[in-house]
Amino acid sequence: MNDQDQRPVYMDHAATTFMKPEILAAMAPYFSRYFGNPSSLYRFARESRKGVEGAREAVGAALGASTDEIFFTAGGSEADNWAIKGAALANRERGDHIVTSAIEHHAVLHTCEWLEKQGFSVTYLPVDEFGRVDPGDVGEAITDRTTLVSVMTANNEIGTIQPVAEIGKVAHDHGVLFHTDAVQAVGAVPIDVERMGIDLLSLSGHKFYGPKGTGALYIRRGTRIENLIHGGGQERGRRAGTENVPGIVGLGRAIELATADIEGHNRRIAAMRDRLVRGILGSIPDARLNGHPTERLVNNASFSFRYVEGESILLLLDARGICASTGSACSSGSLEPSHVLLATGLSHEEAHGSLRLTLGDANTAEDIDYVLEILPDAIGRLRRISPLTPAHARIPEVD
Amino acid sequence: MYTEKVIAEFTNPENVGEIADADGVGEVGSPACGDIMKIYLKIEGDKITDARFQTFGCAAAIASSSMTTRMIRGMPLSEAWEFSNADVVDALGGLPPAKVHCSVLARDAVRAAINDYRTRRGLEPRETGSSRCCDGAGCGSKPEND
Amino acid sequence: MNDQDQRPVYMDHAATTFMKPEILAAMAPYFSRYFGNPSSLYRFARESRKGVEGAREAVGAALGASTDEIFFTAGGSEADNWAIKGAALANRERGDHIVTSAIEHHAVLHTCEWLEKQGFSVTYLPVDEFGRVDPGDVGEAITDRTTLVSVMTANNEIGTIQPVAEIGKVAHDHGVLFHTDAVQAVGAVPIDVERMGIDLLSLSGHKFYGPKGTGALYIRRGTRIENLIHGGGQERGRRAGTENVPGIVGLGRAIELATADIEGHNRRIAAMRDRLVRGILGSIPDARLNGHPTERLVNNASFSFRYVEGESILLLLDARGICASTGSACSSGSLEPSHVLLATGLSHEEAHGSLRLTLGDANTAEDIDYVLEILPDAIGRLRRISPLTPAHARIPEVD
Amino acid sequence: MYTEKVIAEFTNPENVGEIADADGVGEVGSPACGDIMKIYLKIEGDKITDARFQTFGCAAAIASSSMTTRMIRGMPLSEAWEFSNADVVDALGGLPPAKVHCSVLARDAVRAAINDYRTRRGLEPRETGSSRCCDGAGCGSKPEND
């Protein structure tokens, strides 16, 4: 496992997933055989159109939406940008205020910041220590200038799942549109746009074993939204650009597979994740699990280890063949570590010492054993190097 | 992003730990910045006879500390003062632009330790170019980027 | 060939191209094996990063640009939107006027129209009967409020190649940025951003045997341009979204192949195209070749056939296994047929009777023979049905 | 986008051509719109005994013309007047929304031919709902969309 030529123990599924063979198989005919442009009139292009429309049905079915409410994009970031800019600009005469949370993905936050430069005002709601937005806060933040609420379904760093249905209800009670970034949630959180009061929803294929560079935006029928990419009449005139047919087909197949048995999938992954969390908290002192104890993505295990810095944990794990990630921004040279961890009230030091392990469908019980064997030793080594480590937090060397 | 030398120095650092009876100790950085370096010097005559470090920080910070202590061992104090972060960067086979500040931090820790030694000896501390907490551009390792 | 189960005679390469096997082969390892997120720190992600950076070098080399001036997008439309909105918005304090042409792709035109709604003003330059923009007109249209000139390298409908280097010079002489939509030109027109005075250039992978849903924007170093997709720090902070690694790798390989021997490629395609054009004009009366007689893409054969309508030509060809396209908008229910054909001075009737045949690397001499056999008969049949056909334009039935 | 029936009717249209001694001729549309339909009627008593057409237009226009002439042959004039474009659409197994106007055009051409017949006979032409040139949304077949 620690041989760098071997396939690594991959525990970074929130960053991206491998593509499942059956998904690539579904895409395969559309690269060189059914390569026609779906806009073309001749029969040869019919297969391309059918591929795209089949995928649209699959996405609609997965979200409890109609086929004509699904629009394909090139990923989660484009979907977020489109939803937020599109809704804000199209409803500008009605208002110029947006409500979002402090822990959104940058695809949402930086889009909101851009809108602020265009004269909009944005409220960034705080979260509790577990990373939850209070739906009551949403209601209080809404003014008569508010046109859009955007709160993510589940957080990418700490896995916290938001009370989306409650937030949707509050938004609708105030006559305000509700967008949710469900990029991390698809396949783990059952989604029903009706029940949850969602008007706009972003998703991204590569987070659930589908192709990179694919995504979709759900737009509730009748929602006022401007285009983001102008040009040809694709996607019923709402998103220009020749369709990425193989990618769209792959996205469709991926969402089918990911939502076929969410419960069973969650049970399997949660069992591994829980053993991982228990094992780590049991063997490493001064460690905490970030995010919500129960309302969290089943695959997310996000920790803060005091007295050590995240990137160095990550690289020691990498040296042993484990792929993980960190919210530490020592590496980024900015003063701020992860805005998400800070928003949950962590100190800078704790935030710098974060490690995110996110499980996926290829992980095994052996992978968990292996991480439980390697990680305490890695933290131990770094704590022996650190000037901050108190005696009680030292971990004895194994060999 | 890191050279093999950086990774090797980071995974097997030398001179880790305190020197109980150090003649000079320098600490720079802060937990908020994600980098703290503490350098301990043993000085005989005008020469550094032992150097050790403790570091809270990223791989580049740990590798820079380790490399720095290795390089200044045996140096006269005057030479160690002039010792530049570029030497550390070179010895590590290069650092990513966003990480060069880690080598600067190591140099600053050495100067802080030398000044500590001077102060203990009743000498004026020398003027040291103060290092900012962090600088350089991001390298995109955060899950915020996922 | 007229069997609908057989691979059709595909003459619609301007719409999209099949993917060459060697390009798919280059992409293959990045779907499920080297699937890491390029932003990740561990060694496993290095292959993904290398794949992306290798492709960036290939695109840079193909354009005479530096690697750090190439930014990947999800296609030509996104690149056009980014270039034009990005440059217009970023330079707003300097001016609010854009100069473009009447025959741009809708990805440019609709983007300009959107900017008009944001308070910008746009000059749409006319073209001559061959579809050429006069560089002198560009100079005259530029005012002290102009910040951007956008004129396509080659037109997608009629194939006309613009005097890009002259236009670039005029723009630069006036201190104005120059964008060119080179989506149709890559692989057929040798491009050198220095020599041509190009500041921004859009391209799209699926037009030169690469993957759909991939593209790039060249941004000359130092050019002021806003982001279009905000979010994560990918593409050196300028285009957010997890990189479509296989797609980018495919784009890189495709541009390498397409630009390796432009001259030889052009010679081969032009020989077929010229025989096709001569054959058609020789056998069908009252037909004209649209676009420029010499300054045109080697693969483009665009015609107007009087007295008949384009979609019906296209469908008769389709019935015989030939894939082509038309600029007629009878089908679109709008009063306007192709804006490009009208801009070259065609009457509505002529514009409605247009047919575009665009050749590609898989076409053979037999394909040309086959079209020359089928097309006159198709036009003949439609002319026999049409109330407009004068006696001299009738084509005798063959059987 | 087209049904098999449309394609079949379009590729093998019936009743193409003029009737030299027609009793009524109706023409609607214009080249600018991309659609011209001309319908020729032979009328005996109150009955259509022959119907032929010439059409400049898309596949749906040609199929609609052909189907219309087939359907109105043998019809009394009063019935042919009430003949609806929905009947054509049905007989073709449906038309894309953007193409329904082609069937309307065929109906209009029939009415124009009947009115021509009436005028020739010294009767008042009947009031005919004027058809717009084109309507409906795009179906994206233009290379502008490439």
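As written, the chains take the letters A, B, C and D, and residue 1 is the first residue of each chain.
Just so it is clear, a contact is a pair of C-beta atoms (placed from the backbone, for glycine too) under 8 Å apart; a residue touches a chain by one contact, two chains touch by 3 or more.
Quick caveat: nothing in here was measured; it's all calculated off a predicted structure.
Chemist: Which is the least count of steps on a path of touching chains running from chain A to chain D?
Modeler: The fewest touching-chain steps linking chain A to chain D number 1.
Chemist: Hey, which pair has more contacts between C-betas, A-B or B-C?
Modeler: When B-C is set beside A-B, the one with more contacts is A-B.
Chemist: How far is the middle of chain C from the middle of chain D, if each middle is the mean of its Cα atoms, in Å?
Modeler: Computed value for the inter-centroid distance: 38 Å.
Chemist: With chain centres taken as the means of their Cα atoms, state the distance from chain B to chain C in Å.
Modeler: 55
Chemist: Scan chain B for residues touching two or more other chains and write them down.
Modeler: Each of 138-141, 144-146 in chain B touches at least two other chains.
Chemist: Which chain A residues sit where two or more other chains touch them?
Modeler: Touching at least two other chains: 15-16, 37, 39-41, 105-106, 232-233, 242, 311, 314-315, 325-326, 331.
Chemist: Graph shape for the chains shown, where an edge means the two chains touch. Line, ring, star, complete, or other?
Modeler: Other.
Chemist: For this structure, give each pair of chains that are touching.
Modeler: After working through each pair, the chains in contact turn out to be A-B, A-C, A-D, B-C, C-D.
Chemist: Help me check something: in the complex, which residues belonging to chain C touch chain B?
Modeler: Chain C reaches chain B through residues 37, 39-41, 232-234, 237, 242.
Chemist: For chain B, which residues count as touching chain A in their complex?
Modeler: 2, 7, 10-11, 13, 16-17, 27, 31-36, 38, 54-59, 61-62, 98-99, 101, 133-146
Chemist: So in the complex, which bits of chain C are touching chain D?
Modeler: It is residues 14-16, 105-106, 156-157, 307-312, 314-316, 319, 325-335, 337-340, 347-349, 352, 356, 384-388 of chain C that touch chain D.
Chemist: Any idea which chain D residues touch chain A in the complex?
Modeler: Its residues touching chain A are 1, 138-141, 144-146.
Chemist: Can you check the complex and tell me which residues of chain C touch chain A?
Modeler: Checking each residue of chain C against chain A gives 4, 8, 10, 12, 15-21, 24, 31-33, 35-37, 39-45, 73-78, 80-81, 105-108, 110-111, 113-114, 204, 206, 211-214, 227-233, 240-247, 311, 314-315, 317-318, 322-326, 331.
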